[in-house]
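A, B, C and D are the chain letters, set down in written order, and residue numbers restart from 1 in every chain.
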Amino acid sequence: MNRIITLTLPGELVFARFASETAAKAALMLINSCNADANDWKFTHAFELAVSEAFTNTVAYAQKLSSPQPVTIDFIFESQRLTVTIRDTNAPFSIETPAPEIDNYPERGFGLLLIRNVMDTVTCVRENGTNIISMSKQL
Amino acid sequence: MNRIITLTLPGELVFARFASETAAKAALMLINSCNADANDWKFTHAFELAVSEAFTNTVAYAQKLSSPQPVTIDFIFESQRLTVTIRDTNAPFSIETPAPEIDNYPERGFGLLLIRNVMDTVTCVRENGTNIISMSKQL
Amino acid sequence: MTISETTKGRVTIVSVIGTLEASTTKELLKSPAIIDPTQTVVVDLEKLNFLDSSGLGALIGTLRKKREAGAETLISCMNDRIRRVFEITNAQRIFHVFDDTSAAVDYATQLTSRP
Amino acid sequence: MTISETTKGRVTIVSVIGTLEASTTKELLKSPAIIDPTQTVVVDLEKLNFLDSSGLGALIGTLRKKREAGAETLISCMNDRIRRVFEITNAQRIFHVFDDTSAAVDYATQLTSRP
């Protein structure tokens, strides 16, 4: 049976850490439920980092409305796999956007690179004006 | 502006700790946002304990359905106050149910007592077959 | 949540590490020194960082079974968060509670050497 | 997230404690030794337990401003989680990274005493 945790947060940067800590906890739960090696910090950290990046982007590139819109994050547990899905109604973008050249001292542009590197599978589909970002990793 | 965090978890006891840790984190966020004394462990612990009790009850006294129903928890931030609301479709019960006499070595019956003691205000309203438990505490 | 048992003469120290709530009490109740009703135990809570009423219920049930069999359940090293649960429920009235595990072991050893 | 600054001769050690992400980078950027572009700093990350691309961006911006002013930003004591971010982004190529803060301070002191 698949299990789902859904977290809805105010769309404000101050809640990014709440999102990323929850992601780390979800990853740890999957590790425990599979009796997998909890010392494999890379799995937990992958979700902590990817959710921090994705949540921050969702908030940072939100349309400027009078008040920030809530952001909903789904954590889907399959037998050995955790998938995180975040939706937003921002402008479309490519999940493959390349990172900038480090030698130019860029102060941004590394979020999607980090997500792609720490996850097994990352997709972003556009559906009815919504970006659906899915990030998934096998234990 | 009020802020709301909503967490939906599978209605299984193994997720009780997820719920109570999230409650502790929400309490800590309120403390930080108010620049209140983060060393006041009692505020954080009150939410951790009350949510552990309320979530466990919601799951333990759920109607036996083929598969457990999701449980939704709302955390509502007001200026100096945090309110947690949990809903279930269980049988009605009284939030004032007295605890048993300790000298009889009772193995249960302390959950609501603990909730009432650590919170400022606790209510349980029955609406259209739903119990709405609200637990609230001022910083 | 992890349980470790250490034997000191006739007394067993049961250290509970982590959290004791609805989903973890069964671990405690599977522990050999807890199962055996005649075994006097000191439950060392120094590394317990969370206890709720389900966890407390498991400790009270253990106490009752052991007392019925003439043995004891002593508690040591509660932190403030655990103590709060004992105080609200009045559980500190039925348990022998010690700040220090070795003092609890000494006391338990005396109890078990009574005729 | 907390920043503490310690002066060692011409070098300031900036210790970053907690997490460095979108909502906390402004704290770092308000720190006097970070603001002053001519001040060479060793950023001690021993007690940093989380860094994301926003935090890294703040470190890179600091490095750029200081290099433009002839000063340096050195990094010490990254844990594995922080190192992973530096490696994926190639940031370890533009920063001087040290395992040990005092080695970083020694190196920075030599840099600042060049004519």
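Points worth noting:
Here is the rule we use: a contact is a pair of C-beta atoms (placed from the backbone, for glycine too) under 8 Å apart; a residue touches a chain by one contact, two chains touch by 3 or more.
All values reported here derive from a predicted model rather than from experimental measurement.
The minimum number of touch steps linking subunit B to subunit C comes to 1. Here the CA centre of subunit A is 27 Å from the CA centre of subunit B.
Inter-chain centre distance (subunit B to subunit D, centres taken as mean C-alpha positions): 42 Å.
Between the CA-based centres of subunit C and subunit D the separation comes to 48 Å, rounded to the whole angstrom.
For subunit A, residues that reach two or more other chains under the stated contact definition are 14. With touch defined as above, subunit D holds no residue shared between interfaces to two or more other chains.
Contact between chains, per the stated criterion, is found for A-B, A-D, B-C. Residues 19, 21-23, 50, 52-54, 56-58, 60-61, 63-64, 80-81, 84-85, 88-91, 93-94 of subunit C touch subunit B in their complex. The touching residues of subunit B, counted against subunit A in their complex, run 1, 3-10, 12, 14-15, 18, 21-22, 25-26, 29, 33, 67, 70.
Those residues of subunit B whose C-beta lies close enough to touch subunit C in the complex are 13-14, 16-17, 20, 41-42, 45, 48-49, 52-53, 56, 59-60, 99, 102-103, 105-111, 113-114, 117-118.
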